[in-house]
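Some structures to go through are shown next.
What follows is subunit A paired twice: with subunit B in the first complex and subunit C in the second.
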Partner chain A sequence: MSSRTRLALGSVVLVVVASWFVAPRLLGALAPHLYAGTVLQGDEPAAAMTGLANGAGHEIAVSGGDGDLVLVYFGYTHCPDVCPTTLATVAESRRRLGDDAGAVDLVMVGVDPGRDTAAELDEYVAFFDPTFRAVTGPEAAVAEVASAYGVFYDHGEADADGDYTVDHTATLMGIDGDGVLRIVWPPDISAEALTADLAELLG
Partner chain B sequence: MPRWVWAGGGLVVLAVVAAMAFAIFEPIQVLPRLRLAPGFSLDAADDGRLTSEDGRGVVTLYGFSPLECGDDATCNAAAEVRRTMADAATSMAAVDFGDTEVHLVIVALDAPAPADLPADGPVTWLTGDVDELRTVVGSGFEVFYETDDAGAVTRFDPRYVLVDGNGVVRGDYRYKTLTSTADKVADHAEILAEEIRYAAGATALAYEAAHLFLCYP
Partner chain C sequence: MSGVARFSLPAVLAVLVAGPLVTACGGTETFEVSDPWARPTAPGAEMGAIYFVADNDTDVDDSLVAATSPWCDEIELHTTDTRDGVMSMYPATDEQLVVPAGGELVAEPGGLHLMCVGLTQPIVEGEPVEVTVTFATAGDVALTASAEHR
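The block that comes next holds the complex of A and B.
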């Protein structure tokens, strides 16, 4: 085999191997991102958290349009499964985002104001991620904000010990940097899929 | 000019033409995902409560009307809502939604007792207390209505809202046009049904592309 043929064959092998690794990445970069969440296409600002406050007694603006993504979740501290799972998923996604994590906030709205004070909610969400925030308030104010976010919740019957669960919509919602409610994720979203969506939303 | 430049340029032109053809000829039609429908828990006639969570995985058309009416204008508008919902029920029943259920709901604006709610064939009536209705119907579904001191509805703007199984508003009908609301709903139901049937697996990408090209502001 001549040196010229060897060079040609070597080049072909090199091109094939390079294509094997590069092509999927190139195609991935060109293809539109397929969101795991449901993207909303309206442009109305997200509902304000009117009448709700954090442990320090301050209202939290979620649609200020300051460029950060704000994730909104409705839950309560006695929640046995879905709330801790979702909060842990968001915390894991923020870790995976690395330096971009600072542009992602989470606010949990407490749907059990009879048991959870704002201070207890603050402590609860901080267990998952110290940047997480929480708000709650009078029942009527919580109900109004929940309805505006498409969230239903209902306190179940108390057992002999006075314990009860709260059935609630467990979707996770994302408000974009312009203050528009832009995306809704199902409760079983994985950290991997959520991270991919968040990275895409952050651009 | 080298051949690879021509080839590259041709690919770019092809991609642009394909995108334009997709936007102009709309081989796939989709309804925009407008906003989240409000969350609620309201009373039904059978002593039960119907919640927005019951609508998960279900396509629902909501209408809004008082059960009782005073003046002619309100009575005519209320009768038209019932007629439109009945027509929509017939036309939506003919649409192939696959395994997806379809619900038709009228929310009573004058907060009657659940026992007074009528059984309107395929349409389910819901009611609640005055504050609940203000929150869900007035603020949430953005339906305009006025009541007098006794709670009777004196004026309302008929509105119909088509909500998909994810609780997202896909159609909002509030103005009269030459095409009847029931016909518009039927057309949109066809489009939504097709998206539900095909927006899984590989075709999901095509539907997301359709949303991207046709719906984004």
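The block that comes next holds the complex of A and C.
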């Protein structure tokens, strides 16, 4: 093979490889990202978690505007199906984000303070992802925070064993780096769709 | 229909190869429960959920009636319903437990699930959970559910 042929072949290979990497980025830059969640307009800071604390007794700021995305989820530990599914989905999305995962926090607000202590909630959420945090507090404080986030919850009637379920808004909410409630995802969001939205929000 | 069960070679091989697949032999060879799995539970959790798919290739509707497991004090057949983002959970209706002839019954997150009430031990990732599901016609089907995060 002459050196000229080799050069030509090499150039072709280089162009093909380069376009392989560049084309998707170019297309991605041209086509706007379609969010799987519902994007909210407005610039009011998200409500503070007033009167709620984690297991160590500390309040958690969700709208500190430190640049991190804070995902907020209202749930309870006796929830066998949907809550673990959503928490596992967020954990999986954080894994998929790799180095960017550090900029995504999750705070679960416990809506069953009668059964779940803040310490139990800490342990519960950490099982899914050690970075996850949780808060709860007196019934009245939980109700106030839930209402500020447009979250409905209602304790069902206890059965003979005293067990009850809690109907609750199971959407996942995202507070952006400016501390503004920016996006709401349905409970059955896939890890793939959530990861894509988070990556876009992180810019 | 002949009283002697006939197996084709590919079918026999499929059963041998598909470890987790369990074929119910309650009078038919074509009622099958597959992909049983359970989500690992957090320490101290009292509830868990187990999922599966039941395929009914017979001509008769069947129906899930009960489930038991050494991992659970009790298993309730529950379904989750989400309306306007609000999630409610309630005992499944008879209609929601039917495995229609020629169809399937899918237990999956956000829908029908075996709600394990009173976990006797945590469901640990990688450690299979034994569960027996009972159908009106197919009878008891013993399953080994894989414990995994999905």
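As a convention for this text, the second predicted complex is superposed on the first by the 178 of 203 C-alpha atoms of A that agree within 3 Å, B and C clash if a C-alpha of one lies under 4 Å from a C-alpha of the other, contacts with A are read in each partner's own complex, and residues count from 1 in each chain.
Convention: a residue touches a chain if its C-beta (ideal position, glycine included) is under 8 Å from a C-beta of that chain, and two chains touch if they have at least 3 such contacts.
Source: prediction; values computed, not measured.
When the shared chain is aligned, no partner comes close enough to touch A:164: not subunit B, not subunit C. In the superposition on chain A, A:149 makes contact with subunit B only, while subunit C stays out of contact range.
When the shared chain is aligned, subunit B comes close enough to touch A:41, but subunit C does not. Judged by the touch definition given at the top, the superposed model places A:84 against subunit C, while subunit B stays out of reach.
Judged by the touch definition given at the top, the superposed model places A:32 against subunit B, while subunit C stays out of reach.
Of the residues of subunit A, those at positions 152, 167, 169, 171, 184 touch subunit B in one of the two structures and subunit C in the other.
Of all the residues in subunit A, the ones that touch subunit B in their complex are 31-32, 34-35, 38-44, 140, 143-144, 146-154, 167, 169, 171, 173, 181, 184. By the touch criterion stated above, subunit A contacts subunit C in their complex at residues 77-82, 84-85, 88, 91-92, 120, 123-124, 127-128, 152, 163, 165, 167-171, 184, 186-188.
Subunit C makes touch with subunit A in their complex at residues 39, 41-49, 78, 80, 82, 85-90, 109-110, 113, 115-117, 149-150. On subunit B, the positions that touch subunit A within their shared complex are 32-41, 51-53, 131, 135-136, 139-140, 166-168, 204-205, 208-209, 211-212, 215-217.
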